[in-house]
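In what follows, subunit A forms one complex with subunit B and a second complex with subunit C.
Entry: the complex of A and B
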């Protein structure tokens, strides 16, 4: 058993450590004339409560809090569909170089040839990896990339005189919720396409839905079921024959890097999450980058600026008469691109396929080791993540996927994604990524197997979990109904 | 564990709604199976009284801690009552799906659709 214990004190707010008059730093003597603040800004806020602590109080407070945090650097993080791989520290070192970190976005473009080189370099490498003709790095998140792709599709249909009739976007029922949201945001109506019993797109339903009102199909490949769509070329041809475009949701690109290319499958455009697949920070460390790739016919509509070479020089091209305009300030999240560039160059062309090979191998290893206790939703090899069902524990012992996930916290692991995709009952979605060793995967699988035995023998352990942490089971229903994010101290 | 309840005398849809007919008034809710799959219900979005629905049309949505799902009208007709208690007590859908957790009442217009299921048929449908 790999249970970690914690001996940290109860978490509290810094305010509870405040003592009037205690200071954490010495402010230099004022060497400018003193100004009466109230006469400048009006009445000062004497009621404003600020913590008064020493430097050591402060350090201990936040260091202790950081010790009860959980991240990829403290443990395994198998959150499916999120690709929580390790981001090597060298990425941060490169992004912190003064020549990158201290650039100003309004600097004359002639003074930033190195930055343009990075942007162009990432674009070129992503073109090669995805098989698309062009890449823009501007969208600031995955869903932003989806939306930008649909804006290109819309501009393309308008340019060939079909903008008025193509109003429908098709989205499989296994899709991420952002897909229908992006389509709706672009003014399309959404039609759901069912998944067949084998976990593939239902071709008969797709055929029935295709007509001259369809603007695009948004397809995640590999799907959120962790399965590669075997009919992908046929599907792209069906949509193209009906005059539609095919968008690839690239959330699961980690399974394909260096092995197979969406641009070769027939897709017209796709988005990539640099913060998943190409090792730039997620969430709080972000913001992210939802780069998009596209075929030549969509290139005229690219957002500006387009970073491209003219002879030996790189330029930021704003002179694009058919552009959809700007989708982000300046050049997008430039330092994300520096990190992705570092990551890509560290792998190199020779080893880049290791990403997909090891991530797929790891997911299949987990699937195989757990299949007796948690059967896979579909009985065939998976891609970079495995989708398992805890349905039998619910039926026979009243234990849900949620209870299993919560019990994993007691065993020292971040839980996998649960209840997604929605079409798999009592779903657990495990994505180990390529950065985990067999030893880590074995320890994790041992924990899950032990938990499944507990579900049969002593299900209260699961219903009450987590019981060894400073925070127990949260009331998610109450949290939704009475959302309170304000500190009332 | 007890199987989910599927009372006799009600009609069901494949999308997990139930209806109870009293003359030409149909009371509509979601099944025990559906509430069990959804988990704790946090919000139910229902139409206004007077709205006309066709069979199979989306009449509202239900949100649980897991997902948001559409609600489909099992029959065509006019909404004559909406369960206002669900505004403040959406948990009634979980605790009493066939009673206090009902959603709307519809004055049925025309014949019942042919694809409504009996209790036995719905039981077979959910396996």
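Entry: the complex of A and C
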């Protein structure tokens, strides 16, 4: 069944629309005297091969490209671990206000009281929501936040004379790849901790791994299996007793907003993805926005500047003798903070818990509706996402999770995350988020059930999918072999 | 709440199928003592859309933004014209609300745009290839330095004092955490000093440098070659569109800040890191790369993210970097900008900046300032004043002029020095007004 066939113009590179002498913008005119470039700046370049197109051709180029790109506003985007929720339009309008968008990061701090109010407001609200003592908004993305947290841990251990011996970071085998990569980026070696049969951290293995070389445990809660770690307090205590710190990967914060606070669980620090939980748009892979929360003992090491209040005034404090320094050039992703602020104020104290409540309801609903065709990896209530396995289709019909995912594209949906977490075979990770209706979820589940029937009856439909998009499956091996990564005329 | 579509009937029907009596029951695995009581969080009350917009407008109005003053402040972030097409394209929901294009069949639009981005960035820098973007210029530079330490297997990096101080601070933090030594070479007359080093993985200079000076890249490259260090250049893409690009001087890696190419200043975020290098280094680079390929079972061309085995989700702790999310939307803004201006527009923007800068130098030196350094500059320069530069900056602000960046807190002995940037959007009248006001302030 081909639900939709795209009728869009065959895309061509912008260069094919280029003709010498065209221009796509009314460039500002210059009314100062001409200069002799050679004597002023020295040697100039001989050529600059950029396209020359008219303004209308430029817009058509991108409008047509947008038609072969899928966004949340196109349709349901159940990508697990990514929290593809609706990005409210008022957030965009707010971020576009000249009083925010037209600020220079190095203008005198006395001239940006409104900006500090936004930053401090986001910090305060996130402190309350996460239960941490302090928040910094400087990290530019989630992985950047993870790295910053580990830097704080490193500085903390150095400050108590344990920097030289604590060289190991423990990471569960279900963790996102950014966790071990961020640990490596901070000079740590990584030891993997297994997950037990119920989907929880294997406590015996953790106990065995804990010694005085351990700097930190990086734990995702709820885990990437979509399960809340019921032993969380015990785990934090075990690590603390061994002198280690516990970092919470906040990718799954959406399940907890207003319902439970990681700062109360025993974590020392965590990162947040404001582009997941707090609705700043993903933008096709960025900008991210990676706030971090931390307990008091890590506060002296915060990157500068620290935005804080002194009496009634907000200041950007650079006078921090124990700071790790800077992890980004300026204040962080300010216009993303404006969006997050707007989002938080729209929910307010009255409705904030609805975020976690309805996201968890939606995930459990999808799990229940699909359990006959795609069994959940664990027989427990899930949090904001459900992890299903397509193993039986692989064994019995030669159909993989990837084939099911690609077939969903033909039905007009973006596929869920697949093959992650790595420990679940033929894994499909579905995160519906709270902004999807029962009707949308029903249609999606109907489609997946139909696809599972196709897998049994006519598996070629899945192997050949997608067949309704501008291109079919692409040759990734050829892409590596020929390495065509730029236009060369 | 308009963002949550559930009617009470929906909720009841869903709970019924799940077999739960309430939503609370779904959270039963969270220990009771860790659950927040309903309404217990101390957050401000909810605002409806009208009140929320009024509230935000009021906060925004407290700031002095660039519509209220004339901006001569640069230092890595520039007040340049952003064509209307940029906003029109990047606000399209298909781009704005999409995820990383891991499913290429549903993401050809974005993948092609990023391929075009890579092509144009590589062209501007005179390099063979570019990646799909980094967080910002500072982190892009730090990543380049760390990449060099891996390739050269050396634990030292050498950087000129004439590189942006904030970039150097970020480099210090990254290197501290990895146990890499940073050697900073003092400036000479506002330009890089002798960059020849011992056992350094790389030599880093900026072009134009933090003071606006056009570094002698041929000499810096020769210095790097003496010890076999990689040559890394931090470069403003607008300047590179006019000057002989860093690639022509044999740079191994060129990084930079893409904000001047169509991105709002936004208090410095989001911005976008540029990263270009020699093709032979492609397997070592951080970040995403888009490549062109063909259908597996057909002949149609298409785009995918490629060389994925460098990345953290596959290689984990052995990845070339921990970067995952990049700045795709800002890279898209850069793409629209570069296409809208094209060859002639970008050359004109760069040339106008040079003209305006030269005119400003004439007028401001006539008004009582002096040029601090004697070398060639592109669009920015250091003006020495007979008074404390912060005081002069503050006095000029009262006259509606954001005069530049006082350098005293960055460099010793530069309390009277002001870094002034003049872009293509400044007019002769505005520069004259600046000069006249400076004369009054200095009087």
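Basically, the second predicted complex is superposed on the first by the 427 of 489 C-alpha atoms of A that agree within 3 Å, B and C clash if a C-alpha of one lies under 4 Å from a C-alpha of the other, contacts with A are read in each partner's own complex, and residues count from 1 in each chain.
Keep this in mind: a contact is a pair of C-beta atoms (placed from the backbone, for glycine too) under 8 Å apart; a residue touches a chain by one contact, two chains touch by 3 or more.
What you are looking at is a predicted structure, and each value in this text was computed from that prediction instead of being measured.
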{"item": "Touched partner set for A:157, first subunit B, second subunit C, both or neither", "value": "neither"}
{"item": "Which of subunit B and subunit C A:425 touches, first, second, both or neither", "value": "first"}
{"item": "Touched partner set for A:271, first subunit B, second subunit C, both or neither", "value": "neither"}
{"item": "Touching partner for A:49 - first (subunit B), second (subunit C), both, neither", "value": "second"}
{"item": "First (subunit B), second (subunit C), both or neither touched by A:480", "value": "both"}
{"item": "Contacts of A:397 with subunit B and subunit C, given as first, second, both or neither", "value": "first"}
{"item": "First, second, both or neither for A:120, with subunit B first and subunit C second", "value": "neither"}
{"item": "When both partners are placed on the shared chain, which of subunit B and subunit C touches more of subunit A", "value": "C"}
{"item": "Contact residues common to both interfaces of subunit A (with subunit B and with subunit C)", "value": "476, 480"}
{"item": "Residues of subunit B defined as touching subunit A within the complex", "value": "1, 37, 39-40, 42-43, 63, 65-67, 90-91"}
{"item": "Subunit B-facing residues of subunit A, complex", "value": "394-398, 400, 402, 419, 422, 425, 476-477, 480-481"}
